[in-house]
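This is the structure, below, for whatever I ask next.
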Amino acid sequence: MMQVKTQAIKRSNAWFHSSDGIINRILTQKAAVFGFVIVALIIIIAITASVIAPNDPLKVNMSMRLKGPSSLYWLGTDNLGRCIASRLIWGARMSLIYSMCVLGLMMAISIPIGLLSGYAGGRIDTFIMRTIDIFLSLPTFLMALAIAGMLEPSVKNMIIAMASVWWAPYARIIRGMAMQIKQQDFMLAAKAAACTHSQIIFRHILRNIAPSIIVMATLEIGSIILAIASFSFIGLGAQPPTPEWGVMLSDSKEFMQTQPQLMIYPGVAIMITVMAFNLLGEGLKNAIQN
Amino acid sequence: MQYKTDQRDDQAIQSENVVLDIRGLSLEYIMPDQNIHAVVDLNLVARMGKITALVGESGSGKSTVALAVMGIQDKNAVISGGEIYLAGTDILSMPKKYLRAYISNHAGIIFQDPIDSLNPLLTVGEQLVEAILIHKKITKNQARTIALNQLLAVSLTQPGELMKKYPFMLSGGMCQRVMIAIASVFRPPLLIADEPTTALDVTIQAQILHQLDSMRKRDGTAILLITHDLGVVAEIADNVCIMKDGHIVESGTVDDIFYSPQHTYTRQLLAAAL
Amino acid sequence: MLKGIGERLFTLIPVLLAISLITFVLGSMSSGDTARTLAEKKYDRPTYEQIEEIRTEMGFDRPVLVQYASWLKDAMRGDLGFSYSNDRPVVDEIFQYFPKTLQLALLSLLFLIIISFTLGILSAVFSGSWIDKISRIYCFWSVSMPEFWFGLILLYIFGARLGLISVLGGSSTKFPVIPALTMSICSGGIYVRLIRTNMEEVLNKGYIRAARAKGVSEYKIITKHALKNATLPVINKLGIGFGSLLAGSAIIESIFSWNGLGNLALESVKLKDYPVVQGYVLFMAVFMVSINMAVDILCGIIDPRLKNG
């Protein structure tokens, strides 16, 4: 007969192994809530930047270079005497604005194309899909680099470069969803009631896939913010003296050996922001799937 | 000689003919909300040269019993009581390191989905030779020879060609024969067949059942046949245990069960089938 | 199977054409008048006539499509023009710096495979244990972590503090270990997740259960039976991933001053040396697309189901 002790050990091992355990469920929910809180915080910081930032993020003050934290300069100053904390706070606003622009532009391109392709079917669909396939096989970073590199380096061009390469995967997914919805029964009902094409597309299809689109967008914001920071770091996006986190990192590189903290703050800001958006996105995805 | 039909035979362990003696087996699945009692106080005996059918609907726990006997139950399945005597030894009390070798030497199992039971990226020959080399320390070539003969023994033609093929190239019936070949290569005293014919065509079903039957006659293998199909039971089984919700509700010979069923559930099953 | 290769080659052509067209169009749209830039290099203060002379000489006055066609023709012959900054043929520049990028990418791939396979397999086999938890945290972290920041941090630790690598410049080391580690650690998350999922799926399959029943040792179950089945779909992704490593190494090369092609491209962008940038994009794109195709074919060979079915 089984010993009671081995029995108990077996029980706890077995429970551990069920990955859908209670602990996991609470954790994922908690994580998503945590993500939401941080995201909300970041948005608030971004919106109220001009109010809560202690100093002017662009004001250069060479006599106050590279000072440590104080009551006036919460996190100290950078190599040009600018307040780091203020630059970080305004950086949040920049990151959010730029990433929203990229996201908006991406969606503006991919949603109509995806819907059109999925709804119309036939030759239009094939043609569009071929185009999308070509775009999909383009190495994205490379193309964005090319575009941003060939044109004048600026935020506007960076946004255009990213959106013009990243719309493709979304168009494909949206097309897939549109095609799925098209098959469903209530679509036949709409057709029977002689709704016009655009009515069908906007009212019915779009409304149905809107939640999924929102989830996809949330999951994507993190990657976009990372990319924006990367591009700005190498000089192809936001230009100094814009208080953007990638620019700040680029500035800090020179002073790595003497003032490593300049490198830490913007990086941590990026990481926390991206993590928060990813947590939120995952939580939304799980919520929708259930 | 008359074999006792009562499954709760206390002298069964000592009897030479008893290959498998399950006593008071209880098994639970540990789930996040509450535990599921898949098997409750189950008693079952399988004897040499006899086919014992374990009959029940899906969810009755019959496959769980099979997996428990072979020692390959789910990770979150916990045996909470009972003994399983396989060829005279209680495997539930056996130290882990001897367990797998002992079980694989004394029992073989074939499953419901024969193609899924074979590794799609290895040839049939490789998988059969692997089974052989586990039990005997011989050279690969010697193992190959045994493998070829074994394939012939389960009525598969052109064994040489067959060994080079991948499972997806074979039909369901052929795969099931290969599984039988693998499971019985060194004539284990017990062969468990978990719904062996459910996924196969009717004509192939008959062939597989016939194969099992001839093994029983030729080698004296005890066969534990797990099924929900009473027709199959009627064809080849000697003894029957009816299982419902983890319990054995009735057991006896085929004649007893089919002609004088005692339990209401048994009667319901028969009525539904006939 | 040959038909499959032929089909793939066929779809390759429009992709390459699209890439070349885009890079060319970008080049011609680029800010600054190329003729003027070249003229300014040749003469100190070029007159209008001198600029126009160069324009006709270089063919910049022809219609765009004609220019594209002739550029394409040259490109296919291996002539990608000349660098603005040092007048060397672009192809020479590319082939001089490419080996270093390739070296970095290969080393990163090696590290990537080691990290992701180890973590992925262990966390699947010991599902629920601390290894599993750590690998989940790692997956999440690696997706959210800015690669270039991680590179900066490693540069600081190993360069500024430990002095193992040079912070300021020059590739003094033979093998780009730290840069490769940066790239592999930051891309590992996706693969760990993939391998773990595949491995878990495979370990629940019927043939694993049947193999256990046969008496196969747990070690053999993992290495002989489960591994192959779980990692086959990953090979495909890894091939594409290699392309990404190759194309995305630019920033890391720049941070660690590793004189590879990516670094050259970034420098050229800053110097507005468009022929080099164009050549870089075209070359990398072609290379990556070829790798994708090669990986596809490789998978077709390895998997017996694809080979015969």
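Letters A, B and C name the chains as they come in the text, with residue numbers starting at 1 for each one.
Just so we're on the same page, a residue touches a chain if its C-beta (ideal position, glycine included) is under 8 Å from a C-beta of that chain, and two chains touch if they have at least 3 such contacts.
It should be emphasised that the depicted structure is a prediction, and the values quoted were computed from it without experimental measurement.
> Between which chains do we find the greatest number of C-beta pairs in contact?
A-C
> Report the chain whose mean Cα position is at the greatest distance from that of chain C.
Chain B.
> If you average the CA atoms of chain A and of chain B, how many Å lie between those two points?
54
> Just curious, how far off is chain C from chain A if you go by their C-alpha centres, in Å?
22
> Suppose each chain is reduced to the average of its Cα coordinates; what separation in Å results between chain B and chain C?
Each chain reduced to its C-alpha mean, chain B and chain C end up 53 Å apart.
> Counting only residues that touch at least 2 other chains, which ones in chain A make the list?
17-18
> Under the stated contact criterion, what part of chain B meets chain C in this complex?
67, 70-72, 100-101, 103-105, 108-109, 111, 113, 116-122, 130-131, 134-135, 166, 168-169, 179, 182-183
> With touch defined as at the start, can you tell me which chain C residues reach chain B in the complex?
On the chain C side, the touching residues are 205-207, 209-217, 225, 228-229, 232, 303-305, 308-309.
> Help me check something: in the complex, which residues belonging to chain C touch chain A?
These residues of chain C touch chain A: 11, 14-15, 18-19, 22-23, 26-27, 29-31, 127-129, 140-141, 143-149, 152-153, 155-156, 159-160, 167, 243-244, 247-248, 250-251, 254-255, 265-266, 269-270, 274, 277-278, 281, 284-285, 288-289, 292.
> Using the touch rule from the top, collect the residues of chain A that touch chain C in their complex.
Touching chain C from chain A are residues 16-19, 130, 133-135, 137-139, 141-143, 145-147, 149-153, 222, 226, 229-230, 233-236, 249, 253, 256-257, 260, 263, 267, 270-271, 274-275, 278.
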